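The chains carry the letters A, B, C, D, E, F, G and H, assigned in the order they are written, with residues numbered from 1 in each.
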């Protein structure tokens, strides 16, 4: 009866992104209805294109039709799902995912799963915040063995500066929204990462484990999108 | 010719504060005219009451009449002055004043001078920010020997959390306005102190070295204003 | 089926904190699942280590397994629980916990219970906001008998300045999130504490009764982590 | 040579405001050039209309042509000037202008002078901030004798709440921009006034002594614009 | 079993406020439990003291024991209740309550009911926002007959400036939290009131109809707390 | 039993707006009760005046009485409804509604439906965000055929600048609240539109599809409220 | 001697913009050195391309070499200059530039001059803020004769809503940075424009008279970049 | 005469940083006095350690003693200086430094010079903002040849998203403080980088060209601090 607008429009997916920059488009599911998500999956199915879903919360997962739900590899902590498998997982962990507290686990998980979808293994070093500095020091040698470190911290984000002063590889800070009062849902930790006195730390958006993993893939040159010079010191 | 308001009103000084809470009122000179400051000094002179001046910037100091200026013990880095001496200085340093960078020196100095005015000696441990963690670790035992630590840091203020997790005495954080961009003139460091994951750190206003020193005096019970129980564990 | 991240990682607890700085690590339960909390309790059980839980809301408490729930000393107003008792309670109250309004009771309770867990008794002086100044004045002598005052206030936080000008002991301000409109969930009260014209007030994060209690323990030297000089005026 | 816009346009003055709402339009001089101010004065001259100038800073006053400058009753502390006298001054002070610190004097002065221009006398009670509560208490009876109180305070603005709980007349809060760090140029004091737990306090913009005086005139019904009911309790 | 804090503390009511400043303490019920509210009512009952309750939401009202609920005069739009009647209502309306939109009705109602509790009648002029200026102009003469105008507006709050330029009596702005996006829950309207180019408008906190009514009582001198000079122009 | 305020006041509708400025008043339903909405419809019914309802959420729609609900043309994605039809729809689409992502569909729909109610057809070009620039480029010629473009984008709003540099017609930016973390519920996208380096882009409030459509009607001169000069270059 | 970076890079000018979207690139001079501005002029000279300069402050103008300065048509109030003339000026004013106060003149001037550079005449209606509503009403018929209105206002920006409810043409709001305290350098006025209850107002960045003029050109279809349908109601 | 604090304390330099993480400590000169800078140079001289100085503004450079000044390789656009040369410059440019506008040149220069000090050559691609998209497209192939892109943009920062969707290498966004009004001194551009819809972009603090260069060195593995696995896909 109405003249326009009754349906959610079909998504216009960027299937060429992988070829263009070596990173697959992930489907950000927060606030999406079941029908929208199923429509996206159907488009991937039709092209036999694997798909990574992020921010797919348990109640959304439960609302999907059985036929779709049973075909997803779903992780309820990181709120991610794989539809058809991504690239085969490498044997050697290339990224250390380090966190300040156990409440950061969903964000760590989103990074770990995104890396895995793109075929990169990682090592989790969680709950090593600097209030008990020994926890970080105990695992420093292990962390240093990875070319890229993804650091996740909420509250005041002091972990970023301490880590950045001790590790020479790529350090990607992911502020998490853990905290209360002045922590301001991650804004404090974000700004601590940006203003860190340790040189060369880089930052992504609050709780953006997916973005950190993509940045790690770029830094590793494992997304296929980056020229790898024969001799970088030439 | 005007009907009202041509003169700055004389200050109403709280000479009873020392007796009431054991802390002398300091004269905050920022934005005060020379005539106002001289009026305050004259009131102290008349009562033979020593006086601490803070935020007295060099150009303000230079604008005072010679007779007043020559009687001030002025420190151009901390922007503080003593008019008549305060209490005699104790032999044993009771407070460690620790800073993240050399640009924090004016704030450290304001704390050190306020303590000195009240008779308390302190130890300066400056420029030991956590990007080079060894600088702090090298001096940790020395810091720990003081019952109170005043920690001054700008930028992301990671020093507060690291220190708070390593030291068991009173830790008073003073965020400094050192930094740029998201450091936001001390707001970031302030919030880092407040949201620190190290338990029991307390905080004062940005650049408020004077306030930190007053808090230290309260914590030491050296302001005379605090009951000292015979046996606190009884 | 998924390759990583399905489980919440076990917490890495800082059991050495008590020995290091004299304050036990508390378990901050907000947003933690029942299984995570039970895992933490199990770790404490295994080491016969008493444990303080904070921000344990009634619905979380109700979701714990009976075996664990029955062993907790739970307080539904302050949202705290003791697992195994802490230190024996001292006879003499060392801290006055003063509040502006009856809605501040949960924050007051968190401070009182944290102190009790560490063996320190306290006196509650609640609902004495300065809009009815006589309420505070009536109890001023009682408040002054304690070496440390924890002041809790929301809204505009005028209590902090009035108290700080009348009491010579340690004054720890805890801004509470009580209020609406410009009170901004505690941000106004926090900033009032920091900018107070009364000298030497210190502040902790919004609603952080736990942190205030830890700061009180540090100031009292009752955490065992602070050197107590023989003669502080020497 | 240019086609448009080379001149500042002449001001369009609201000479009917006095008749309409009983308050004369004041000329806000901040950022105005000497030529603009002189143009405004010439318009008043032509109509024989007295004029109040606010935020006329000393360097602006000095830049006016001698002929205009000599005819102004200028007050360099409040930055106000009268061009031709306003209404004759009443004998009885109707407004108490109370401030927290001596740095609030320019704002107090702006209120006092605006009242005087409209013929209302006032009493200044300055530098009675609550950190030394006795200063306010000593003068409370005097303050209470005025039907309207204008309270000026910067920093944390605790004065507003204490005063509002003790005085039953009209209380108009003027936040001042005095302070540093979290005081945020008056924003903190403004919010403290608005969120005050004392009932019925009203507020004007930061440093707006002129506006507070206008509000006082409205409340006194002395602006002629307000109906005065024969028997308000009927 | 717990050592402290299991009960909400009884409220410390300021029964002397009416005598002191002529305004009764209202009970702000938001976030209060039924038991707390009932405790407050019992204290009033015991002293035969009428009581105004604000922010008493329907679900809270429903949760009260029947014996208390049946004795309350409850208004579900303004969320206010009277326990025992306040002062008898005057015949002549002294306050015009003007609003920009029909969604402001709860705030208008809180003001109207608070005035009524103190015996002052008022006139409601609602939904006259300036986007349709004729709505306001049609009722301007009626509004002008009241010595005090309470203006309630959300969104951009343009009503305040238009009204303030047309009405010579007391104008009290109440920003409401109506709006979305940049309206920021009333912050925009609040700031519009404060920065209004119409002289002498005063402002209270967002949605604070109670505070506006108290301010109106102060301005009318009907709270008994204000000196009424025999001849204000003397 | 209560003395005032028990009922929501009837809305004062601006039925003259269409004649005055050529735009019908829409009824903003967010937070309105069913009875309020029905009252508004009854007023329109009585005058035979068509009505556009916005922000009418499904649960509100469901709560309307059957008699009213069955007469509404309701669109659950855009949350709009028509009560009686608006103007007949033109054949030629005059506005392109372009969006960055599929989550912007409700905002796009609000614009499309508002245009349709006023008789203007539009073309939807959704999900063409600049991370996959080809999606926008593919449809650029189509977009350029419309005299007005409404651009809807959340997150960082880069779409506005790219579009503004490529299209010469009217470009109206509608920031949407899609995003998380620093996107800050549309504030980031809003500010990106305002600070865009592409000249002549204009902006409306966050999520305000209705306002953008009204602005388009003004720009098209199709609201009847705008003079159309015979020869604009004369 | 240095290896890189000693010179400011030459500007990369978008000379194709006029052909692409019908608007010439203006040179934003704020913070540019004389040498940079002269370099830009030389590029225009070489192509015989007229050039509009904005935010060229008097001291910058004075610092240009005589040869360049004498060839500029400079307006010191609007801080704009023409290098070679733009399009010939139309006879009929198409845009009304309306402002709230005389301090808005620089922003009005920037709009007027940008329009003139593109050949469009305009009418200035300045200093008609709503605190004296008659000033606006007196000139309303004149304003309504223009298809586009550019409204400039600082402070609380109430002008936008009043104007938007009375005028049916295109209304482009330009918030100006005039004001103090909560006016926050234009942020308040900006938000008032965005949240205005008058439908279809659009907004540009604070003080952006240039952008408003470009938007007016787009709306008038006078930039040549917009399709002009033969019969817009078909 | 004063008891403490008259001298700025000597800097505690982190000479071990190069060995630890492969990045030399740079000396941030903003707000440092000439004597402080000379002290730092003397420490480097004594150890024969090259030194990079940043934010050394022309007036500071001019204030240095001749003996020091003549030995600095100073660049007045980027405000950087080399004291003794850094590592020899590689032949092949490894980093593309891309900017939105010519005003971003100082930030670009800081990045270019920091890279050069560490021996890495770079390519400058400046003034290619997306309002004229062809400028970027013309140079896209050249940009893509570098493994790392440093993108500098102020205003709304749309450049980051467009670039991030087209380039597969490491993309490091540096928000610059260029802009006015809502651009908010770089805050807008910063947030646009963080919320970008293009995956895997990373960000550093506003105007932090030094930090971006350090991050590039980490990503290139050219700082010597990062393990380089033999076969990253193994």
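Descriptive notes on the structure:
Everything below uses one rule, namely that contacts are C-beta pairs under 8 Å (C-beta built on N, C-alpha and C of every residue); 3 or more make two chains touch, one makes a residue touch a chain.
Fair warning: this is a prediction, and the values are worked out from it, not measured in the lab.
Each chain gets a centre from the mean of its Cα atoms; the one farthest from the centre of subunit C is G. In whole angstrom, the spacing between the mean C-alpha positions of subunit C and subunit F is 50.
Centre-to-centre, using mean CA coordinates, subunit B is 35 Å away from subunit H.
Of all residues in subunit E, those that touch two or more other chains are 17, 25, 131-132, 164-166, 181-183, 190, 194-195, 199, 205-206. In summary, the structure contains touching chain pairs A-B, A-C, A-F, A-H, B-C, B-D, B-H, C-D, C-E, D-E, D-G, E-F, E-G, F-G, F-H, G-H. Subunit F meets subunit A in the complex at residues 73-78, 80, 82, 89, 102-103, 105, 108-109, 112-113, 116, 122, 124, 126-128, 131-132, 134-135, 178, 180-183.
The touching residues of subunit G, counted against subunit E in their complex, run 100-101, 129-133, 155-158, 160-162, 164-166, 179, 181-184, 188, 190-199.
Those residues of subunit A that touch subunit H in the shared complex are 17, 20-23, 25-26, 90-92, 94, 119, 144-147, 164-172, 190, 194-195, 199-206, 210-211, 213-215, 217-229, 232-234. By the touch criterion given at the top, residues 1-12, 14, 16-17, 25, 30-32, 36, 177, 186-187, 190, 205-208 of subunit C touch subunit A in their complex.
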